[in-house]
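Quick heads-up: structures coming right below.
Shared chain: chain A. Partners: chain B in the first complex, chain C in the second.
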Partner chain A sequence: MMQAALASRVTRRSESPGLWMLAWRRFGRDRVGVASFAVVVVFFGVMLASGLHLIAADWASEVGVNYAPPTFARPNTSDRDAVAPEAPRGEKARGANPDDPLADVLSEIRGKEPASRDETGVADPLADALAEIRAERSGAATRAQTQSATLAFGGDRWGRDVLKKAIKGTETSMFVGLAAAALTALLGTLFGAFAGYYGRWIDDFFNWFYSIFTAVPYLLLILAIAAVLNQKGTMTVILILGLTGWTGIFRLVRAEYLKHKAREYIQAADAIGASHARRMFVHILPNVSHVVLVQLSLHVVLFIKSEVVLSFLGFGVGVDTVSWGSMLNEAQSELILGYWWQLAAATIAMALLVTGFSLFTDAVRDALDPKLK
Partner chain B sequence: MLAYLVRRLWQTVPTLLGVVLLVFFLFNFVGGDPAYLLAGKISNPEQIENIRRQLGVDQPYAVQLWIFIKQIATGDFGVSWATNEKVSEIFATRLGPSLTVLVPMLVIETLLAVSAAMLVAYVRGSLTDRTVMIACTVGQSISILVYIIVFQYVLAYQLGWFPVQGWSENLAENLLKYSLLPVVVGVIVSIAPNTRLYRSFFLDEINQDYVRTARAKGMGEGRVMWVHVLRNASIPIITNVMSQLPGLLTGEFLIERFFSIPGIGREVLLAVERSDFPVIKAVTIYVAIATMLVNLLTDLLYRAVDPRVQLK
Partner chain C sequence: MTPVNGKPAGGAEVLLGVRDLRVDFRVDAATTLQAVKGIAFDIPVNSTVALVGESGSGKSVTALAILGLLPRENSTARGEVAYAGRNLLALSPGELQKLRGADISMVFQEPMSSLNPVFTVGFQLTEVLRKHLGMTSAQARARAVDLLREVGIPEPEARIGAYPFQLSGGQQQRVMIAMAIACEPKLLIADEPTTALDVTIQKQILELIADVQKRRRMSVLFITHDLALVGEIADHVVVMRDGEIREKGTAEQIFEAARDPYTRALLLCRPQLERRPKRLPVIDDFLNSSGQVPEMPERTRGLRGDEEIVLEVRHLGKSFYSRESLFAKKEFKAVVDVSFKLAKGKTLGVVGESGSGKTTVALTLMRLHEASSGEVLFDGKNLLSIPLREMMQYKRRIQIVFQNPYASLNPRFTAGQLLMEPLQIHGIGESESERRDRVYKLFEEVGLPDVSFFKYPHEFSGGQRQRIAIARCLTMKPDVLICDEAVSALDVSVQAQILNLLQDLQDGYNMSYIFISHDLAVVKYMADQVLVMNEGAVVEVAGSDELYRNPKHPYTKSLLSSIPRGWRGSPGR
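For the complex of A and B:
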């Protein structure tokens, strides 16, 4: 029995490590790669916890005063009367520009209650109705007492916690990026596999399709589709990004299939009677999956950026959803009033994730293809 | 050469047809009935029928497609649904402002990115190289929106170095006053990814045998890098620069919107917001045509840069 165990250990040891094992070892030696992997894992955790309503589930509740400043920015004010919500900062700094084109508008906005007017200076026709609903929902009396003067990372126009919004935005933006990248990788791999494997008219057809999609600049195509769909929502964004972004993966996967289908192992698979589908997806696919994997994570970054731009422009996620793009949209008008924290929160969250994911992608590519380095 | 040109132009026909079909499919099947969009909320069936007749959407699809192809061929896309301005007129008046910002941006950015990439490729592996690369990665990860918002706020609004936004009739004033900050922002946004990309092109060349040969015969480092290496690395660089050219036609959507530049990009965004289909259709088709022509031009440029390239 001991001999058998020994023998099995010997055979296991003599087995040469596979591509993934080798890649994993190389990856483990890459310190930047491991660190960025940790960042990505943390963001995954935040996304999942937020998606399961474990954290930031109450992001929409108005826990602070309007535009509550971050606690670290003014640590001494615990009394809420001491904090006037209108324009606490930036007023002095702005004096530097004598011909401030917005001065009149700004002073007008500041003179008003934030609840009844928005940044454009247009009276909100629903303000009364909204106030009523809010009062009903939270109870006006208790609400005034529970609102805090400062929040951990500041508050937005309605006194919602910016940190919680950033977490919620992370969930939305990251989910859109991941789902759209998965869809695009699926399409690109399928199209590329068919075109490269079968060749001839199928190849011609898909190449024609490819040339159409690459003839129109990416952002223009997305905007055109957004215009005809004319509806907002997380699902819409995922579909728009996923259905238009497959061209890059298609080209690479097709080239790989062209190369692999002529190899001996595929002839051998043919000889033992493997079907076309089996040869394509059981024999070849594992050998090109590293290309797909690297492309997948490149596209996650690309799609997160695209989602932010789309949502900022108002063609992205719905109005009741928070994403980094919609946060930046609000932050743009807040910055003029001197409230910088929402901009900072969205920017930092996005920069952390995108930098982490980019470095992670680089490390994965280096680990899977050491020749590139 | 002529035969090559004719063949390449002939090859673009099926692609163009595909783009036409794609746009037609998008706007006629996915988009729903445009008459409802146009009529708005207050409308009765007669009005809608009337609008349908005017737009020609009550015709069979084959006829509509033929009308669309005729529009493309004649360049007459009718009038904008939102402003009643002629679509061709919109193009003619919006192209100038877009180019005023985008041509300087592309030229400056390319020169800076190529120089920076060559420098860091030359000192590859050093502290400078790694610092620049990390800075590029971080810089790339910040959304273009943040750059625009912060630069506009700090440089134009607080410090007053540039006008916050605006545009005039005078080309010189536009170039020297209003397009300065947009160009700065555009250069900063695109320089990080391009420096990274060009660096990898230079690294591919820098270890080649001809570089050693050039050094061995006593050539100065400047000449080795700027003449020998640059010329050999220029094919992928040209590909990348040329691939940005169709963007000139659509403009930088976001930059034009933030700085209120009356260019094509801003017009496209407005059209998308207002469901102004004729404008979007026209832009999509013409940009696709321009992209194909630019691709052809790129291949011709390869030949000019590298005489070994065979045009087939």
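For the complex of A and C:
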């Protein structure tokens, strides 16, 4: 009898789901959450694959003609302009390029070459080099030959595939947004927790610090930090955004800690002998994590936009990398000419991620918050 | 209209009749909560009807449905609320608006949150008069002064310009009543109007409501969880549970010869001043058995004088400072020179009104607040002067159960985690699995099922949460358990269960309790010795029987005289 009761109790215990299991189940019931989670996972996959050079490694190769229109939009452009299909060879197609600033020089060289060799009979000291160049040019010619008139999702100014560019841009922008937001959330939460929990002079200290940061105009602050860091690149952008963006999260987290440290459950934790660190991070932090999570997702979105601004001001990512910011930057001048696909690619990618990410964070918060079911 | 049974024969004229009222709340797409399941009762002209029930019984929802104040987006009210030949449930929002305030008005539980803090009480009062009665501002002002005088506000001419925060809780509730009766309504609905107030104030407000009702010959629907309170003022009583009416009748019928076991349980579960059974009857005793509760032997309380003393507090003082300017600080003495001794295995009751410093004493002697002066002797050590590191080993031996079980449990921890934590912190138990076994044993001891381990606090009822809080204290096997209003937030029936549990645990572990409460009956039931506090100071200490029989200090006398005496026959009603 006792044995049976004990056994049934043991099985019941092992059947009881754990905490994360419960949260995961709650999450699984949220259809919007699961869909947005799928979107975020896809984007993460893209980011990882691109970072590992599995896809879009050749994003910089010029596979299409300049401003190659998307295939599905072809009827509008190809028949009339007849840029690619009617051009017999790559050379001419190249020559026909009205944008090529070297067109005149090329035709001059083309006209001179045979004459110079026949007339003088002197061994050209640069013959080898020239042959090399020629070989290269013929190679370029064959490559130009393979430049397609249309690309699945269009091409940019140099005929690079917009899709691959968008993938590469996703990698950069997502990384910048996530890393900077993570840094911001970390700093803001840490400062806010200390200031709000301990109060007194620690609070005063962080409040002065906060006041100084918020008193300086945002762009001026960014320029100042950029000047101090004094180099260009992805890491610099992350540091600039991360070190300037923590103020908002700090203010909110501090307020939450002020509120929670006086709550009875924290007094109860004190009564059972929980240390300050335990009360701060084990007891209070999970109860204010929804604030941090929501702020995190908002900041990811904000920083992706800020990266665009920084790129515009010349403090963004380097010229050898592509981000949604640099794509949108290029799109400015393209739009006037009616080349909309680069803008569309960057915007759609950005909108998808930003929406998916926000919905995903909401769903995570709901799943982790037992009060909201 | 057919009179509902229990009405006096030939019956008084009916002012408002509720017929088959049903209220549903949509919780989400799949679930609907039936808050009120087809109830019917009448409110006769010029009488007080009490609607009594525990939390979740649907009593407040009924009141809101009568007034048409239910949220429209997620609730539906069906049935009939007949008033002056009209069904209030079928009226348009505009028509209801005209009715509210003018014909039917309401007083809420929390006066502080019912008054707008940024307007003077005079402004809020005259607003009602100008809007509903179309008075000029001079007329309205004169009328407002009269109203404030009627509800017993001293110096009404001066107080009319006061902001709500400048008035005490009792005065705020008086202002609310003045606002409610400003337009001479025929029906006043009072939803737990005294629950947030101290006992002495509660008595005054009850008298005021009864007085106003008689003078103006209006009807009152008095909603409360406390059946004893109702005995003094109600003509008719309606007892609700789980959205249904369990019993209704005149006050005499209910208090003298209640037919429903639930009504009897409500009357008897509360500790009474005259009797102290070994165990309090709980609600299941009434509902499950034939309704006959076995007589319990009485328990004797008090100190012999030779008990071992576990805790001694000497001249404890605590001041709070608020910053007035850069250098000046203002001192507020929350606790002044409190001394007492706590005997092993005995209970010290601490009574006093809000702001008397009861809770501050508890928090200070546990060093949850730093004391300003005094000593706390425990195990030969002064707990207030030893370093914090050394304090850790004493901390587990004095534990506290807080008032609000909804706030004292971390909502992010499961019940299992909550109980495991102190074991982990203090390294009690050899391994995780041994600790887990201890936790399961404690669950059993406080009467919780095993599955509680993985449940979050919000999945438990108030009484169950308080059981978790008690179990958490027990993990550390304390010598002293402080119960800070531990049963005040609980329903009457649950309160009895928790009190029984606390008593069983004391008998089992020989723990000493410091039992803090504003409820004098509960303290009388639990305590061997009682300490009465007022404005931070101890005014009287005595054995619990002695104190209630023969109070010495005038403050103690006034406290004891304001306990609701419940039904006392029908005195000249």
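The rule we apply is simple: the second predicted complex is superposed on the first by the 227 of 373 C-alpha atoms of A that agree within 3 Å, B and C clash if a C-alpha of one lies under 4 Å from a C-alpha of the other, contacts with A are read in each partner's own complex, and residues count from 1 in each chain.
FYI, contacts are C-beta pairs under 8 Å (C-beta built on N, C-alpha and C of every residue); 3 or more make two chains touch, one makes a residue touch a chain.
Keep in mind that this is a model prediction, so the values were computed, not measured.
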Q.
Just checking: does A:A215 make contact with chain B only, chain C only, both, or neither of them? Give me first, second, both or neither.
A. first
Q | Touch count on chain A, higher of chain B and chain C | A | B
(Q) Let me test your reading of the model: by the given contact rule, A:L223 touches which partner, first (chain B), second (chain C), both or neither? (A) first
Q) Should A:S358 be classified as contacting the first partner (chain B), the second (chain C), both, or neither? A) first
Q.
Quick check for you: in the superposed arrangement, does A:N287 touch first (chain B), second (chain C), both or neither?
A. second
Q: Once the structures are superposed on A, label A:M235 by its partner contacts, choosing first (chain B), second (chain C), both or neither.
A: neither
Q | Overlap of the chain B and chain C footprints on chain A, listed as residue numbers | A | none
Q: Could you pull out which chain C residues touch chain A in their complex?
A: 363, 366, 368, 392, 395-396, 399-400, 402-404, 407-412, 414, 417, 421-422, 425-426, 440, 450-451, 453-454, 456, 458-459, 469, 472, 475-476
Q) What residues of chain A sit close enough to touch chain C in their complex? A) 9, 12-13, 16-19, 22, 263-265, 267-274, 278, 283, 286-287, 370-371
Q. What residues on chain B touch chain A, complex-wise?
A. 14-16, 18-19, 22-23, 26-27, 30-32, 37, 137-138, 140-146, 149-150, 153, 157-160, 164, 246-247, 250, 253-254, 268-269, 271-273, 275, 277, 280, 283-284, 287-288, 291-292
(Q) Give the list of chain A residues in touch with chain B in this complex. (A) 93-94, 96-102, 208-209, 211-212, 214-217, 219-221, 223-230, 301, 305, 308-309, 312-315, 324-325, 328, 331-332, 335-336, 343, 347, 350-351, 353-355, 358-359
